[in-house]
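Given below, in the form of structure tokens, are the structures.
Next come two complexes built around chain A: one with chain B, the other with chain C.
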Partner chain A sequence: MPLGSIVDFLGNCPQYIANGLANGCIYILVAMGFNIIFNSTGIINFAQGEFCMFGGLFAFTFGVTLGLPLPVAIILAILATAIIGALMERLMIYPLRNASVITAIIATVGASILFKALGRMFWPKEAYKVPEFSTGNITIPGVTVSRQFLWVLGLTVVSVLLVYLFFNRTRAGRAMRACSINRQAASLVGINVSRMSLYSFLLAATLGGIAGLINAPYASYSIGLFLGIKGFTAAVVGGLGNTFGAVTGGLVLGLLEELIPGFLTVVLGVSTGYKDAVAALLLVTVLLLRPQGLIGKGVVEKV
Partner chain B sequence: MRGKRTLLIIAVAAFVFSALLALPGCGDGETETDSKEPIKVGVVLSESGANEPLGKPERNSIELYVDRLNDAGGIDGHMIEVIIKDDQSDANKAQQAAVELLQQEEVVALIGSSGTGTTIAMKQEATKARVPMVTMAAGANIMDGDFTWIFRTPPTATEAGKKVLEYVSEELGVKRIALLYDTNAFGTDGKAVVESEAADYGLDVVVSEGYVTDESEEGMDTHLTNIMTADPEVVVVWGTNPGPAKIAKRMRDKGIDLPYVGSHGIANQAFIELAGDAANGVVFPAGKMLIFELILEPGSEEYEFIKDYSDAYFEEYGEHIDTFGGHGWDAITIIVEALKRAGTDVTPEELRDEIEATEGLVGTAGIFTYSPTDHNGLSPDDLTMVEIVDSKWEHYSK
Partner chain C sequence: MAGEKGGKEAAAGSRFLALLKRNRALLIFFLFILVMPLWAENVYKTISLDFVFIMRLVGVYTIAAVGLNLLMGYAGQVSLGQGAFFGIGAYTSALLTLKAGFPVWVGIALAIAVSALFGILVAPVLRLKGHYLAMATLGLAIIVFVFLREMTWLTEGNFGLSGIPSLNLPFTSITGFDLPFIKDKAQRPELYLQFYLIWIIVFAALILCSNLVRSRVGRSMRALHQSEVAAEAMGVNVSAQKIKVFVLSAALGGLAGGIYANLQGYIDPNMFTITLSISVLTMVVIGGMESIWGAVAGAAVITFLPKMVEAIPKWVGDAPKWLERYSNYEGIVFGLILVLTMIFMPSGITKGLSDLVRLRRSPFVNPFRRKAVE
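Here is the complex of A and B:
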């Protein structure tokens, strides 16, 4: 019996891995949003999950309510989310530029609550169906994935590469990293610190919007907390602030979330129904054993 | 002369006294008004938040019922005044709203709320204040502990679960059930009933797995992959939207052609909208109201009651009735009928006793009979199995 069930489990593994990859990609994008803001301002943005919420819900409004063609709706949804990110920075974070980082972090908690309330006000239903980028399935023996899956993978790879190049190859990206290491010194060498903070929110909201879009077809105002926690876990597990850490963390979390419950149900015959516990356990384990994250280089130089 | 004068004084005094006696609240310095005092009923609904799809039709229904009643002269000339508060699907806000209604408005009865958690929060307050409360939520644990003051209108997991098991064993004629349930209160109630009652129907729950409704389609795919390993013959999904819609869609995508039996949690248009094509073929238990024209005899009391509600609702709001609006309609009906029987100067305690004496009252969800031991009021026979065919509800038949 156990042997047979292990064979069953192994047979299911390709499907678990495909599902884990799809979810992992979304976690990666959310985690990168956390990283970008953390890198240039030192702030953990608790409203990152709500950017995803806006991405999906705006796509519904533009694509279904207003009936715009899907590519136009998607671009508008990402732009609208980016604008919300920029507004958040100008109205909430910029006025706190001389306050402590903790104050700004608490402000982002407020933003998260505000965004969720706005989402609930304008999109009150429990879920909205957003059109898929492409419909249909791809089936190879043992695995069935939707065609949307290819978009998820492709958009994630492109986003990760662009973000990496931006931070390591462009002047603005390097300037943003400099701000994180030492704001005052960055300002002294001529970097406009407040503009870099604005850019980081703009970029993080854009990535959040993309994550929310590809997490669709079902968008809802409640998704923010769900994705926010997963993305934060992925960022910390990989190493806060590190782009490839986000990739590692997102993939590890995505895969374990499918493999562990699969193993429990199929091999041990216990279905806990608490898949979310995987993220919490992973977070605690990594913080205890390797607080700098799986591929983080060292302790962050903050007092 | 003198005798005549005395007689006049006595006559005037008698007239004044009788006039004073007829006034309500006589002698405590209230302003006198011509119309009779309204009877206040407090309502707490989830008009936003997770249970918004429930709260909105419930509000529409209660307001429509009361408007029609008041236009027709109220109860013996007393208008019914409903004071509606939104709890935003939040238990703390529901509790606060209940306290406000009980203390500031001094309502004679409470209706609420849409969800189980919010109802339980209100229950404490209603019980403390000794005011009867009619809930529109189906959670089994609402009736845990002291349920003296709480009555219920929707069918619960118990009736629905038994109906589903009866359908699986008698209509589908299969044995091996795979159960997918939402890990929220609604889903775990269903899980408890299905797992504990299955044996009585000769069925076997071979695997059961919990999911979170916000999970992605890929997450649902994993749950389906897991349960398919146990080689089930039917998939029972117990949850509220959007989870069951994601599962239906994913089952269709994966080409799993096992029967999909849902719960009464998907007895709404939202499920069909969210699941699209994949909703077709799904069978679920629901009150007869959804398809009353197909299964009830025109002219029967149940048919006419639902027809009247359906027509009035459509005329007022331009929308079709749904189950949740029906629960609201039933809740206010039960209270108003009890008020009619008990008289309008009833105390909350007397009203509670009168609600408990409700017997054979026709509502949209079925025929309500409460007793000191049963405050649920319905039986599995009040439910029927509904199948989705071409994105429309139809009475299930072989």
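Here is the complex of A and C:
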């Protein structure tokens, strides 16, 4: 292990950290979607990654194919994704509200396959260029980031803040938190649990749509699986069900995913292709060693 | 002395008859498979469906699906990683026969061993339940896929391995035989041999599994599916039992993969992605949970579907353009099968339909009207 390559690696670190932050922001939004749905329905939505896919692809359709102004296209893309989320809840999750865990898993896996295939049918190319919010790069010594990066950071911070306000300041948000603590008790005090499930899918799909948008400049039907597993990893690292644990989880995953392959490539000369396995390895490791997440509390199984 | 022996033989004979009687369906299916190449070869050109060719693949997928069904249908542990074990089996057998010059059947036997070993290695994930287990096995499938793709010094990466030796009769150099009664058709000796070899293995695996699920092990599997706590209280060693069935399921996946590699002659990592895991899952869902023989039906439906779609233009002359490329809408078919089956017949299609016949009642429950229990 030559010393020079380690120096090279350390020199690259600021760039890795910048890239990691940008990816981490996307994972945060996906992970929050997982958490919100898990809290109000007890289901892990395997189609969460496909919401991001729809966000990006709709942005392409509205922004490029139809040529709408960018802000309008963005809002329409998010709305369209939210509608898909709501449809999924009404047509699939609601009928399965009393189903067993296996049934729910297979059904959402099926939904994810179905969404991906629909994406492939209507947007058959491997990559679509989605307009960036603003183009060009900013260079600070050692780090080059695109202007888009500032939008990514800003939008993520705003989204997280809005979700925080929603859960703490609004009636619906507090009702959803009640559901996450105890669904039966929530329904006894007059909370419409099934409507909360609908809201959670709306919210999760909205967040997924935003994640797909800021995943620009490229959108593709095939991004869902990897974004889904990475978002879930972020959620698990932060403690599944802990909406704001997702922030920690997303950042940890984003950084590790840049730093580990960076180290392997620069110092050890290993192929960068292993990058795709980092999230999955982290997921399996955390699930086995600390299933309650890095910052979560232990859970006791009820009989 | 002689009389006693005769009596024993008679008893054994009648027991054998009783066994046949009980397994009438199995016997009919066995005879069907036995004579299939004879009629299939004669109708091949007429209906443009190469039954013998396709049924070999059905056999391979049946083995993988029955393994997953033991784990998922009986023991209630969802795995999205069956494709990974399939891939590990395929690569083990391919590398051993291609690069180390092992005989094909030794390669396949070691494929079983390596997959089972990998199953033991990752068995700690069975501590996880439900959604967590499903995600962890999905993660494992991705890890295996990435390593198969990136370990180019061993697996040649995306180029794949080609020229893998094909199946032969064990301990001989016989690689094929001709069939009698085939009219004006070129004989395809290798195909027939592969077909029969594979289906012998499939029958062995199916009989093994259907005996297993009726044994003490099978009952304890179902018990832990219902309630792990209750099973534990009744004296079932839940974690040991889960690991056993997981390893068996991995071994069956590896067996299927090993055969697959020697059947296709070419493999690359993209054959063993999550899509493969999902198609095996779809086979189990079609075949029905807790149904060993359903796996055959599931594998047959999923394997025949693309071939039938390819054949449609030859039947009707002019098919709509979008119909031609099955891969374009394969996902829609899988997705709809999975979602609709889970909503309307959660125990699987075959089981739902057989309930319809047996119980003379609709297997459909209207999930939109079901009263909330909560």
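Points to keep in mind about this one:
The criterion applied here is as follows: the second predicted complex is superposed on the first by the 295 of 303 C-alpha atoms of A that agree within 3 Å, B and C clash if a C-alpha of one lies under 4 Å from a C-alpha of the other, contacts with A are read in each partner's own complex, and residues count from 1 in each chain.
In this section, contacts are C-beta pairs under 8 Å (C-beta built on N, C-alpha and C of every residue); 3 or more make two chains touch, one makes a residue touch a chain.
Just so we're clear, the structure is a prediction, and the values are computed from it rather than from any experiment.
Applying the stated contact rule after C-alpha superposition, one finds that A:Arg97 touches chain C and leaves chain B untouched.
Annotation for chain A, partner touching more residues between chain B and chain C: C. Contact with chain B, but none with chain C, is seen for A:Asn215 once the two complexes are overlaid on the shared chain. When the two structures are aligned on the shared chain, A:Gly273 is found in touch with chain B and with chain C. In the superposition on chain A, contact is made by A:Ser187 with chain C only, not with chain B. Of the two partner chains, chain C is the only one that A:Val284 touches; chain B does not reach it. Of the two partner chains placed around the shared chain by superposition, chain C is the only one that A:Ile43 touches, whereas chain B remains out of contact. After overlaying the two complexes on the shared chain, residue contacts for A:Lys116 are found with chain C alone; chain B is out of touch.
Of the two partner chains, chain B is the only one that A:Ala127 touches; chain C does not reach it.
Look at A:Ile26: by the touch rule set out above, it reaches chain B but stays clear of chain C.
Chain A uses residues 120-121, 124, 271, 273-274, 276 to touch chain B in one structure and chain C in the other.
Contact residues of chain B toward chain A in the complex are 48-50, 52-53, 88, 181, 183, 207-219, 221-222, 225-227, 229, 240-242, 245-246, 253-255, 270, 273-274, 276.
Within the complex formed with chain B, the residues of chain A that make contact are 5, 8-9, 12, 15-16, 18-20, 22-23, 26, 120-121, 124-127, 129, 137, 139, 144-146, 149, 215, 217-218, 220, 222-223, 226, 257-258, 261-262, 265-266, 271-276. Interface residues of chain C facing chain A in the complex, by the touch rule stated above, are 72, 76, 78, 80, 124-125, 127-132, 134-136, 138-140, 142-143, 146-147, 149-150, 152, 229, 274, 278, 281, 285, 289, 328-332, 334-339, 342-343, 346, 367-368, 370, 372-374.
Touching chain C in their complex are the following residues of chain A: 43-44, 46, 92, 94-107, 109-118, 120-121, 124, 183-184, 187, 193-194, 225, 229, 232-233, 236, 271, 273-274, 276-277, 279-281, 283-284, 287-288, 291, 303.
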